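Okay, so subunit A shows up in both of these, paired with subunit B first and subunit C after.
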Partner chain A sequence: MEGYIGKILRVNLTDGEFAVEDIDPDLIRQYVGGRGLGTKILYDEIDPAIDPLSPENKLIFLNGPLTGTGAPAGSRYMVITKAPLTNTIACSNCGGSFGPELKQAGYDGIIFEGCSEEPVSLWINNDEVEIRSAIDLWGKTTHETDDLIKAEIEDKFVARDTQIACIGPAGENMSKLACIISNKNRAAGRTGVGAVMGSKKLKAIVVRGTKGIRLADGKAFNTAIKSAMDKLNAGPVTSEALPAFGTPVLVNIVNECNILPTYNWQSSSYENAGKISGETMAETIVTRHKGCFACSIACAKCTEIEDPEFKGKGEGPEFENVILMGSSCGIDNLGAIAKASYLCNELGMDTISVGGTIATAMELFEKGYITEKDAGMKLNFGNAQALVAMTEKMGRGEGFGAVMADGGARLAEKFGHPELFMGVKKMEAPAYDPRGVQGMGLQYATSNRGACHVRGYTMANEILGVHEKVDPLITDGKAALVITFQNLTAIIDSAGLCLFVALCPGFLYEEVQGLLNGATGFNYTVDELVQAGDRIWNLERLFNQKAGFTKEDDTLPKRLLEVPAGPGNKVCELDKMLPEYYKLRGWDDGFPGKEKLAELGLE
Partner chain B sequence: MTFKQYLPEGSSEGKAKMSLDHGATFGDILKILDIPIELPKIVIINGVIQISDEINARVLIDGDIVSVFPPVGGG
Partner chain C sequence: MDKVRIKIDHNKCTGCRHCETACSSNHYENMVNPALSRIRVYIDEEANQFFPVIAGPFTEAECTCKYDVIIDGKEYDECSVCRASCPRRTWFREPGTGVALKCDLCGDPADPHCVQICNHGALALVEI
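Let's turn to the complex of A and B:
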């Protein structure tokens, strides 16, 4: 195998056994790698109806064929499992250097099965694999865990290069918002994959790898890298906006477009957006820029808060959680938002879902459905201290934080007002109000892991005009647009690239094709990759069908469907888009039928 | 890149009020502020994103709120 190693490590945590297995090259070709291949493995090996926190669930870490090869932004590893937050298929995707290191150690990925009785960590040093006790690490934050593991390694250069993926207290407590953290601040964030790791009592994976990665055609690969780099360097978003301001560069524009979730989506613009914008961050709290492995974009922003009340340093916040923790909670204090983000990274929680859950709690509190006695604090909109305090309690599973740690859907239901949860399939929605960007509404409703922006980022065309300009307020053509982005994203993810490459004009299938063919020698055609994206999407959908989902689950919160807002003073007209979406997908009654399955080789 | 350098005197937080002649267009604003015509990627008028290729000819009326951004992205 080239590009890919062709080997996967299977670890049974119940009996402590492990084995290295070959991966069928035909499967790699059909599913590309990472997200696609991991979904295929999970679909074949578990019953999708199981409890995601039971020992029967499997936890798959898997690279893409481009991960670690030097392909631009090729840093990603993916975590595929059944999701505790949504009960759907999960694939959470993470940058940094863990994925590349795992490949250098000689593995495309790891499949964890079963459940350990005591906390353990998995140590990999090339061919040496060892399961060690992690009793001393249990209860530690992700930052403490990282430091303690590195302190255990005698050679300081080896320690420096060792890469770690771990959970914090939230994962140990099996919070449905728990994520997996690498490089202290990079997260496989969404859908609660950290809780699955916690359920298996797996605290950390520690990897050192010094092997090379073979490429099929070095010359072709270098040509493809040059073409990709030329595009990334010429693209104004990837060469200027993201390097200078990071993702929060979006705050002002999303606010000006009146699609900025505010006060738990009761409003779509925020009077104090300027105080929490990327421009303000760059002027006040950003200390330096940082990039993932082999990435020229370097969108990560190291920040420091001097305000004694929220003092701290770390990375972020990112656009999504600036909004979910900021305007959606009515909070304009950048220090508090940054502090809550740092806590999420240290305690191991998804910043988007934590922000969304707190915003839901604040609306429940303002309307009197949650009392100060219930919450142990005032949870009014605008309460910056409560944002930080509740984030910590959620991460540590303390008091009312333990109730909120399973997300906004379960919280709103528990207090009798499920309509105040702003998400889909129990996952909190990201920071674009679909009443003013209709394609994103269809995307949230149909995403295979619940309300998500990075499964089909139609914002790229509907607002940002990256590849072409499309009117965000109309519904015509949106079904096709959503499908195009969903399938393309499945390929970018599965290849091991960061989705931000697609914010570069013209960085579409052809660029990925060039890189994949240079690395793997598969000689993919673009048509084959388009079909592979479709195959991956359909297989995820089949998983969800077997997990018990129906087309009635493809919906949006009542507020977005019934209360007009935004620039067009419209609702999200999902009913106009969804039937066309199913039709263009080739689905009968919301799911792929025999004909579609045969077309994709999924019978 | 930001448009900060093109803001007129007296503006704050990236915002400025402008008095324009009757019939002035969006393109006229760019000329007055010396913004190179090819720079704005995203134009929003009164909260509505403008997708027309003819945006520079769009006539403005009193009270219009115009937002201009260079290419941005994220998420």
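Let's turn to the complex of A and C:
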């Protein structure tokens, strides 16, 4: 095969057996790779109704056909499993160099089954595969784990070329906010995929590969790379904003649009946004620009905090996490926000959900539903010390941190006020208030993994005007816009590209098509890819249906539906968009019917 | 070919390794493999330093006399940033066979693909 390797490693952690299997090329073609193909494998192999933390769940790491090929921003591997946080299908996606190295070792991905009794790590060096004890690594942070594994490799030059994906203490404790970390600071962040890895007692995957990836048509592929890079270098977001300021470039923009979650979404603008903006970060804490594998954008920002109280260094914070830990907690101390983010990376937790959960806890505290005695500390809005201290407790599962480590939905429910959880399907919402950007509200409600911005980033058109500027306050046309972005994103993810390519004008199916055809030789048509995106989305929906979800779950927090806010002083008018969304999706009663399934070959 | 050389500004490097994919796919038909690249990026994740290193001459044996270099206050083993194809290190040797790999500026006239692909200004082709 070309682009893709056509091989997947299956590892049974219960009995320690493993085997290399061929992947059916027809399936690859139909599902493109990564997210799509992984969903297909999971859907066929597990009962979607199982407990995500049981040995019956499977954990799939899977590259896209463009991962590691030199396609710009083609660095992503995806983790597909049933999500502990949401109980939906999970696909969490991560950059860095781990995915490309796994492919160089000769595998598109790994399927983990069962559950080990003792902590283990999986070591891969091309054809050599070995399960090793990880007892000594258990309890270590992701950074310590990375260092200890590399120290174990005799040849330090081989160690440097080795790539690692691991969990921290949060994953070991099966926190539903746990993520999987690669390159110390890159995360397969959302939906609690790290907890599944922890439930299987799998601490780390260690990969070294030197085999090479074959391309179907190297010349055509290079032409496609050039075309893609020319586009990325012409787009203001991908050539200027992200390289200079990283994702926090959005802080000022989103605040000016009056859609910035503040005080747990009680307000939609923050008076001190300037103190936590990308521009301020660039002036004060950014030390270096960094790129994932073969990325022409390089949005990652290495940062360092000198303030003795929050001293530390790492990468980020990223936009969502600046907001959820910052304005949403009423905190304008960039040092504290960065420190909490570093802790999340080291302990292996999703920064967005941790911020969202702490913001919910702060509102519960301010309203007297959680007391200082419950929490072991004052959790008032604006308490920067509490943000950092509670993040650490959550990551280590200590005290009240253990209660909060399963996310805001379960916390708010436990203390009798589920309405104060700001998310969908138990996942904390990202940092755009849909009362002022209606399409994002429909996207949160219908996303297959709960409130999520990277399943259909309509912000690109509604606020940033990337492909076409549309009015963020109206509901007309938003159902179609959301569907377009959701399906396109499914293809970008499955291909192994970073979603940020879609923040570039005109980077749509044609660009992905050119790259995919050069790498795989599949000669995809655009229509075929559009349909594949639709197929992936529908299959994810089917998974969720079998997991027990109904259309009543496609909703938003009460606050967003009932309390007007934002630039139009409106609520999110979900009821106006949702029926049209189902209709345009071709769904009867919220789910694909026989006709739609037949159209997509999903019967 | 002797009229040009590649200038490396390691402060501009982002550690993305795009140069490695471009180099290997130019030297091997329809293939991408950083292990076969004649340019490698030494990534120091702790100090956030990225050093692109371009393959130089082949040497049969490891140096007997070595020194350390200090870059931005941090000490590095000389081998980290050395450009030799040497038995001490896996870089610039074909996996399996050990055959030495050496930068050829992608032919004559020079047209180095690493320089073409670098989007961050870390690599430039300059006339001598």
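Here is the rule we use: the second predicted complex is superposed on the first by the 603 of 603 C-alpha atoms of A that agree within 3 Å, B and C clash if a C-alpha of one lies under 4 Å from a C-alpha of the other, contacts with A are read in each partner's own complex, and residues count from 1 in each chain.
Definition applied: a contact is a pair of C-beta atoms (placed from the backbone, for glycine too) under 8 Å apart; a residue touches a chain by one contact, two chains touch by 3 or more.
Note that this is a predicted model, so its numbers are computed, not measured.
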| item | value |
| --- | --- |
| Partner chain in contact with A:G465 - subunit B first, subunit C second, else both or neither | first |
| Which of subunit B and subunit C A:L250 touches, first, second, both or neither | first |
| Partner chain(s) touched by A:V526 [first = subunit B, second = subunit C, both, neither] | neither |
| Touched partner set for A:V20, first subunit B, second subunit C, both or neither | neither |
| First, second, both or neither for A:F293, with subunit B first and subunit C second | second |
| Subunit B and subunit C contact sites that coincide on subunit A, given as residue numbers | none |
| Of subunit B, residues touching subunit A in the complex | 1-2, 13-14, 41-42, 44, 46-49, 51, 67, 69-75 |
| In the complex with subunit A, residue positions of subunit C that touch it | 14-18, 21-22, 24-25, 28-36, 42-43, 45, 48, 50, 79, 88-91, 95, 117, 119-120 |
| Subunit C-facing residues of subunit A, complex | 2, 68-70, 72, 97, 100, 104, 146, 155, 157-158, 160-161, 183-184, 209-218, 221-222, 225, 229, 233, 287-296, 298, 300, 302 |
| Residues of subunit A that touch subunit B when the two form their complex | 235-238, 240-242, 244-250, 252-253, 256-258, 269, 274, 278-279, 299, 318-320, 430, 453-454, 457, 459-460, 463-466, 469-473, 500, 503, 566-568 |
